[in-house]
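Below, chain A partners chain B and then partners chain C, in two separate complexes.
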Partner chain A sequence: MPGTGTFRIGQIPLGTAVEDYSGNDIKPVGVVWARAAKIRFGDSTNINQSSYCSSFNLQFDPTGLITNVASSSFTVGAEGTYQLSFHCRTTGGVRTNAGFRFELNGNVQPERFLSNYSRGGGAQQGGTHNFGGDGGTLLYEFGSSSTIVRILGSQQGNSGTVTALDGAITIIKIR
Partner chain B sequence: MASNLTVGTIKATTIQQSSGQQGGGGSSSAGGYFLSTHMYKTALTANSNPNDTSGFTLRTVFNTSPQLNVADSGSWSNDGTYITIPSSGLYIVTTSIAYNNAAARDSPRHRYRINTTGQFEESRSAYIRVGSSHNQASTELVSAYQLTQGNTLALEFGRAGNSGTNTTIIASYSYISIWKLQD
Partner chain C sequence: MNLSELRSDCWIIDNFLTESEIEELTNHIQKIEWVMFDDVQASNFKQPSSKGFHVLEEDFEIIENKYLRKILDLNFSGMPKIEKFDRVLYNCFEKHDTPLPHTDSLTEGCWTFIIYPNTKWEPEWGGETKVMFSPNRMTEENMQRMDLVSPLPGRLLIIPGDVLHSGSGTSVNTPRYSMAYQFWNNK
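Now for the complex of A and B:
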């Protein structure tokens, strides 16, 4: 028979089952599973050169993982291992393909994301292919209790402009 | 509240995290947050020709000196072709693979292989025109798999565009990450 009131304890050991009165397994509500945050960026920066994506704007950070958000960076306030994901839509010139790289405390990371090819004008058979997008997800170790994260551009195809628009970075602390 | 309650079964209407505290989850926790127990990251190598078949072909592409190697139980192994899973559970697998030196209009693709089976997801975003300095591109892929200890994870490559055979993986730009989400 169901009781009433609230019973508070510190922890429930792993081996303890928690069931409702019909014997169904029930899970906690209101639990924070992992520390995660999302940062929006993209303000028409030309990233087909060594420049930073900018106009960073915090979307959510329920556990206070991010300690500062600046125009072209955000700061993570805990060392550990993180999954960093980003996606960004682009507009590009003729046969442009910018490189996207993460930079952690000034150290440019080796992975280079190169999927934003735009044909631009002048296609032999016409048509319009001036748009692209790029993104990627990998693990990174943050060795400092204060790590500044940026996204750095580079020219990997033709010269010209690749405009970074409406991007987002999602970060999850996994260890 | 620091007390523990040790019983076999708790009967309740709901169970709820107290205000101001953090609940645990996943495989283990510290400070109340999820911690992954297994994670691995390594670069790829350039010694393959990923665009040479219309189907998918298994390639030996893993650098055997990982950047990240954590296993709270069991151990990761990597012989260059296969990464062996150290512990059963649900894993997130991510790759970013860059290519260059292509023939015109190559478009290499890649997918994951678990044991002997190529998986249905594939990445095809690496069109390379080879003109006006457009000689590089990349494929990215993220997926989740329920894996068993001893399963092997590998990469298969093929072509989605033209049939040039000069495409090379840019080892210094290309990585695979694997981490355990849940037991």
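Now for the complex of A and C:
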């Protein structure tokens, strides 16, 4: 048979079988990816810059990506690069917070467009939150084999709050 | 043009571009001043970047508008109802590039149309677009699916913008070009 050497195949999705022509499983053991989970949250709690969204519950996790779900957090059980997508229905009062931030193992992440940070105007200054929802998508590197994820309010709104009615987080391991 | 259904909401149109259109786009792409581009904002790390260049809708020039019109003139059963696009993203992937999977938008009703203006391409040269699943429609079955679409000359790939996807590096020294019209449906 011509051609010896290295056969490179890249990453194999978790659910993709690799078989020989006799149907035997020859899938290599290694890194799996495209593992995904969906977590719902929200109970109309008022969230400010030092309080967390709560009432987390696991909706979808066929590969066991999430190792624990608590009232206001969930734990991811593998290091790697993740896409975290977040969306939440909100209401605001006279003075509301500007949005939300992720916290990973106690480290608060930059605001970016997850919150109203880039929208300017009253919301950024702590004024009325004029949007019925908030959210965004960011990539994060989880350097630990166990990462606790929480969502807290933005610091852009000073002492204001935003009411987190309900929402969802989807998390996908992309590397 | 040859239309084929990749999935119920993804299509491939081969020979979308004529040879003269490929040549026109190739000449246009040669003049692009590439920047090192990230696909999605990364918050706490530096992701691998590759050559890209984007043009927002308000800055579309004659060539972006020409192929925008050609897309909007498509007429087949299932063709997404789109009146405008938010931007065109040009990508140039080269040997050893490792772009990350990403979504272009997470709003339902968003779409991405990717044109491959490569004058020649062999499947073994790599550079495929990997099409995965949408975080908005996660099921155990569709999470396990990944389609590889080779960037054949003149091909058009149509996917929902909320589907996780990525380009790929090449196995040869020939750069792989693509031109993605994105409709984010954010407004």
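Keep this in mind: the second predicted complex is superposed on the first by the 110 of 175 C-alpha atoms of A that agree within 3 Å, B and C clash if a C-alpha of one lies under 4 Å from a C-alpha of the other, contacts with A are read in each partner's own complex, and residues count from 1 in each chain.
Just so we're on the same page, contacts are C-beta pairs under 8 Å (C-beta built on N, C-alpha and C of every residue); 3 or more make two chains touch, one makes a residue touch a chain.
Small disclaimer: the values here were computed from a predicted structure and weren't measured.
Given the touch rule stated above, what does A:18 touch, chain B (first), chain C (second), both, or neither?
first
Applying the touch criterion given at the start, work out whether A:26 contacts chain B, chain C, both or neither, answering first, second, both or neither.
A:26: touches chain B, not chain C.
In the overlay, answer first, second, both or neither for which of chain B and chain C A:83 touches.
Both partners, chain B and chain C.
Of the partners chain B and chain C, which touch A:137 in the superposed model: first, second, both, neither?
A:137 contacts both chain B and chain C.
So in the superposed three-chain picture, is A:175 touching just chain B, just chain C, both, or none of them (first/second/both/neither)?
After superposing on A, A:175 lies in contact with both chain B and chain C.
If we overlay the two complexes on their shared chain A, which of chain B and chain C does A:110 touch? Say first, second, both or neither.
A:110: touches chain B and chain C.
For chain A, what residues appear in both contact lists, the one with chain B and the one with chain C?
Shared contact residues on chain A (touching chain B in one complex, chain C in the other): 13, 16, 34, 81, 83, 85, 110, 112-113, 135, 137-139, 141, 174-175.
Going by the contact rule at the top, pick out the chain A residues touching chain C in the complex.
Listed in rising order, the residues of chain A that touch chain C are 13-16, 34, 36, 38, 60, 62, 81, 83, 85, 87, 102, 104, 109-110, 112-113, 135, 137-141, 170, 172, 174-175.
Quick one: which bits of chain C touch chain A in the complex? Just the residue numbers, please.
The touching residues are 40-45, 47, 100-103, 106, 132-133, 135-136, 138, 140, 143-146, 164.
What part of chain B is in contact with chain A in the complex they form?
1-18, 22-26, 32-36, 39, 41, 43, 67-68, 70, 92, 94, 96, 98, 125-129, 131-140, 142, 170, 172-175, 177, 179
For chain A, which residues count as touching chain B in their complex?
Residues 2, 8-13, 16-21, 26-35, 63, 81, 83, 85, 94-97, 99, 110-115, 117, 119, 135-139, 141, 156-159, 173-175.
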